[in-house]
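Got a structure for you, questions after.
A, B, C, D, E and F are the chain letters, set down in written order, and residue numbers restart from 1 in every chain.
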Amino acid sequence: MPTIVIDGPVMKSVEQKRRMVEKLTDAAAEVYGYDKKIITVVIRENSPENVGSGGRLIADIHAESS
Amino acid sequence: MPTIVIDGPVMKSVEQKRRMVEKLTDAAAEVYGYDKKIITVVIRENSPENVGSGGRLIADIHAESS
Amino acid sequence: MPTIVIDGPVMKSVEQKRRMVEKLTDAAAEVYGYDKKIITVVIRENSPENVGSGGRLIADIHAESS
Amino acid sequence: MPTIVIDGPVMKSVEQKRRMVEKLTDAAAEVYGYDKKIITVVIRENSPENVGSGGRLIADIHAESS
Amino acid sequence: MPTIVIDGPVMKSVEQKRRMVEKLTDAAAEVYGYDKKIITVVIRENSPENVGSGGRLIADIHAESS
Amino acid sequence: MPTIVIDGPVMKSVEQKRRMVEKLTDAAAEVYGYDKKIITVVIRENSPENVGSGGRLIADIHAESS
């Protein structure tokens, strides 16, 4: 029943999401010593306008550095 | 002030969401013994490409079983 | 795989938690039209010193009204 | 590494999000006594059809009061 | 109904929590243009053994730098 | 700034937590193509009385199967 929620950027492809789910599940199953069948992963994709770091929007940090 | 967050699939209709909010709120209010006025529900709808079970995307599990 | 997380006060007994899990699961299973086997519930118990409503700690609201 | 997640309505503009990230970060940094560089904020925007208060959808409460 | 959840370290005092709730609520109410009465804050206190940054436990980072 | 939150059982040792943080961080960093420095992991440990699966407390499922 463990649940992993990962909050990050918008992802590039279904293949990238597939790998994320596979690798996070394998990591958790191994460390807990659980069958991976009972592990759920939820990927949250966030726009750079909806995340801030150090008090600034990621969208603004990206705009400045480009 | 209790808050219920439910992470599940994309829902079929506003009517289904209305019933989800009503039933989860009633359940929590009854068990806590609280007025339902102070209970908040947030429904998160997740694409089958963003959820994994047992290390595989729900999108892939669905594709295989159809 | 739906997951329900409920954030509320410290609960009174295991029996109260048992009823919370049962009722929230039944509600979600019925509205989604899913088997309840795939539904997970996580109860988070929060001290009144760790929750605020309207800008004030629940602990302070309780102290004032008692 | 503190992380602030705020669940609220759909926001009006990037400028409003910019101010939210700035003000929440400043508040947390000051109270913790931390450099704001290590604070992350995630803004979740929720449709009024996906949030309930007192057992009713925000969408329905709005419809009735307008 | 907006809800703010802040995940950070164990806090030093009730007074520090009181200020956190007050300041985060004021910030969100002002930016949303809402009455602060409808805003909830939940403070999650995490042990340095339960948080990692850059792949290392905060507990280990602290041990090394002291 | 990606943040991984894992909700599972009470863990056995600090060493187990250390490995969980290390492995989840490595997995996410590799799949996103990010430096692991910007990834945060939060481990939430839940009592078997506070988690339900299929409408039943984990504590009850364990008691029955032992």
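Here is the rule we go by: contacts are C-beta pairs under 8 Å (C-beta built on N, C-alpha and C of every residue); 3 or more make two chains touch, one makes a residue touch a chain.
On a predicted model such as this, the values are computed, not experimentally measured, just so you know.
Both chain B and chain E are touched by C, D.
Across the assembly, the mean Cα position most removed from that of chain C is the one of A.
Chain centres here are means of the Cα atoms, and by that rule the chain farthest away from chain F is D. Annotation: the chain A:chain F pair of sequence copies touches via predominantly the same residues, more than half of the used numbers being shared. Centre-to-centre separation between chain B and chain D, using Cα means, comes to 20 Å.
Centre-to-centre separation of chain D and chain F, using mean CA positions: 26 Å. Counting partners per residue, chain F has 1, 3, 5, 7, 20, 24, 26, 40, 42, 51, 53 as the residues that reach two or more other chains. The chain pairs satisfying the stated touch condition come to A-B, A-C, A-D, A-F, B-C, B-D, B-E, C-E, C-F, D-E, D-F, E-F.
Against chain E, in their complex, chain C makes its touches with residues 7, 46, 49-57, 59-60. For chain E in complex with chain D, the touching residues are 1-9, 16, 19-20, 23-24, 26-28, 30-32, 51, 53, 58.
The residues of chain E lying in touch with chain B in their complex are 1, 3, 40, 42.
In the complex of the two chains, the chain B residues touching chain D come out as 5, 14, 17-18, 21-22, 24-26, 29, 36-45.
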